[in-house]
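Chain IDs A, B and C follow the sequence of writing; residue 1 opens each chain.
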Amino acid sequence: MRRLLEQGVAIFSWSGTLLLLTVLLVLLGYLGYRGAGAVDTGLIFGTIPPLDALLLRRQVFDGLFPAVAGTFALVLLAVGLAAPVGLAAGIYMAEYCRGRSRQVLGLFFDILAGLPSIVVGLAGFSLTIALHRLLPGSLGPCLLISALSLGFLILPYLIRSTQLALESLPPALRLSAPALGATKLQNIRYVLLPARLSAILGGIILATGRAAEDTAVIMLTGAVASAGLPRSLFEQFEALPFFIYYISSQYSDPDELQTGFGAAILLSAVCAVLLLGAFIIEQTLSRRLMR
Amino acid sequence: MDDGAKIITEKLCFAYRKRAVLQDIDLALPARSIIAVTGASGLGKTTFLSIFNRLWEENGGGTCRGRVTIRFADGPVDIYGKEMSVSLLRRRVGMVFQAPNPLPMTVFKNVAFPLLLQSAKSRDDIAEQVETMLKKVHLFDEVKDRLDSDARILSGGQQQRLCIARALMSDPEILLLDEPTSSLDNTACARIEELLVELRKDRTLIMVSHYQDQVRRVADRVFELADRQLCRIW
Amino acid sequence: MSTFGRLPVVLFRLAAFGSGLLTIAVFLLMLFLGWPLLSGGQFVHLIAEEWSPDRGLYGVFPMVIGSIAIALLALCFSLPISLGTSFVAATLAPRPLRRCLLAMVRFMAGIPTVVYGFVAVFLLVPFMREHLTGGSGLNILTASMILALLIAPTMIVFFVGGLGSVEKSFCLAVDGLGGTKVQKLLYLQLPQAWPAMVAGVVMGLGRAMGDTLISLMLAGNSVAVPHAAIDSGRTLTAHIALVIAADFSSMEFKSIFAAGMILYVFSSVVVVVLRLFTGMAMRPTG
């Protein structure tokens, strides 16, 4: 009887794994099959020479360039806004916060990390309504509001990864500098942060990936199907994930659909590269600690 | 009270949350000597050491009562007094740990680290001081070609001498040593012991040690920690 | 030194407490904007009522049902597969294959949600339409199948973490007694790791309830209360995304704040439950 159960579990496990891998391969294979033809410089820049587009000499109408540039600006802005706050809060949690406030703050950050991204988007949207009521006509959904909301979305990951990185330092290393007369701040600045820089950087890169792929937040806070290149913080913008969502229901001809598949491949590749980057940084770090 | 004493404790008590470690300790420790503390493990010898540079405060927990006075060259100081700066105290009371603890940086930067904390001095000054200090612990010849490589590639004995050099960098009058040789082999151990005897000429050393023979070789005065009391053995 | 030296610490504290306060502020903002619907004890109505703007009914009951149905169905699909995969990735497979599999799972978690949805629209939806469910092919079943794929990496990571954190000495003991890998898994790791397994399931459910794009793209978004898995349905998350463009002052528009609050409360409950279970896993006897 036991033997039977054991064999059953083994068969069940392996077939589950196989099923998952098969489904994943089918999905990715289909994406590659439909989209491979679309991946070239024309996908991004249309018929315009890439250099002209990058230098903003000519406008790109039939390529993904505005969406790519929009996503780039958005993510850069969001991470730029959230990273300093996340790092500071993470340092505070790991090095200064003790007792009850540590528990309460920890709970808040966990709740924040668990919030559905559409709720965060709704919060950003609510902000525009509130602003609209207080100062009529001042600010609608725009790049800045999107970046703020997106920054808020990735904030708990930044805080947690920084906190975890610092807390995982060996206690002996933690005492070394204070024993030499370092103040707490000097210890953090000269020893603790440099020792865990790679882990903290890895956390930031992972958060960047999250910001790049999120669709729900930006569709509520200012992403639109056609806006051209982002020109100001206070205007609506295009973004890759929103473009993919938009194409899935609104495509008008096979060419547009093909571009949609190309965009899906492009976005996946961007996320995969960010993931790989974080992974490599973590690996070099663990090798250095092993020595 | 002994007039020549460097460190004086009066009614010194220390307790972790429920467990008392030290009870009413009155001591007068002489200057320019090696004072050894022995005793079974787990009784709080390391805690006793860390009272003199207040390092126990970094771990949180624990309460310290009583009075500890150190007679520095420029006058006596109550180290738990209100106006005492902890980081200033730790520059004048150095510490060396059981396991060598080089910081994750180069050999040079490790030794120069205390100077970085005091943020002064020119580059040449620093290089000169690092060299002097490495020579003092007889390490310079061994590492002079490796000053810019990671300190963790050195052997255990070399690392420990590096840590002693680092602790000496801010010219402390007192050096606390927490079983400085217990993670080293015999040769490395002997070199450290020689070094300690040299250092004793112009500094006060308090050392925790498990090894009776080591204590007999180097110490001027030996205490045993038992039952929350320090008993002088000789 | 003293005033300047304190400044960074003040900034650190400001960042931490500011972030914490923002979390509460989000809830209060939604409460404030959704208040006209909630005042006078109408909250119960709001949750239990149907959605029928013609008759002046703005209840989000169909969306609550839609969210729960899609999430639970996704969990049913995903749980066995995730369990099996985590068994293989934690114990059964040889070491190199295990690392490979874990890297794959991490990669899966990194694929953008919108890409899963996009591919499903053109691959799974036509298949469902022609072979299984008929109709438009946009229904609860389709959405939950893709959602199952989306939450699998989350659960697998939790499961593998739990199974892997069983003490090495115990594992050595079983290995030394000549136990097979399956035996080690069944009689040692699984009993030891159950809090982590529960945590993984709760986490997966939380992610499934919180997802927007998959249900928005694949579930059909009908506002009727769904009666079967092949019915079209609308989730709370999709409801927010769909109504956002409506007139700001309408009651319809205000209902999205009710939906937002329900999601907020639900995800907070998930977090609290998770904390309890991980707390339990920490205790030696747990």
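Descriptive notes on the structure:
Everything below uses one rule, namely that a contact is a pair of C-beta atoms (placed from the backbone, for glycine too) under 8 Å apart; a residue touches a chain by one contact, two chains touch by 3 or more.
Just so you know, these numbers come straight off a predicted model, no measurement behind them.
Listed by label, the chains touching chain A and chain B alike form an empty list. Among the remaining chains, the Cα-based centre furthest from that of chain A is the centre of B. Centre-to-centre, using mean CA coordinates, chain A is 47 Å away from chain B. The mean-CA centres of chain A and chain C are about 18 angstrom from one another, to the nearest whole unit. With each centre defined as the average position of its C-alpha atoms, the distance from chain B to chain C rounds to 54 Å.
Residue positions of chain A touching 2 or more other chains, listed in rising order: 183. Remark: chain B residues 53, 55, 58, 60, 87-91, 94-95, 97, 99, 101, 103-105, 113-114, 116-117, 150, 152-153, 166-167, 169-170 touch chain A in the complex. Here chain A touches chain B in the complex through residues 98, 172-183, 186, 190-191, 194-195, 288, 291, going by the rule given at the top. Every residue of chain A that touches chain C in the complex is listed here, in rising order: 5-7, 9-10, 12-17, 19-21, 23-24, 26-27, 30-31, 34, 84-86, 88-89, 91-93, 95-97, 104-105, 107-123, 125-127, 129-130, 152, 155-156, 159, 183, 185, 209, 212-213, 215-216, 219-220, 241, 244-245, 247-249, 257, 260-261, 264, 267-268, 271-272, 274-275, 279.
Put simply, chain C touches chain A in their complex at residues 5, 8-9, 11-20, 22-24, 26, 29-30, 33, 80-85, 87-89, 92, 101, 103-104, 106-108, 110-123, 149, 152, 180, 182-183, 185-186, 206, 209-213, 216-217, 237, 240-241, 244, 248, 256-257, 260, 263-264, 267-268, 270-272, 274-275.
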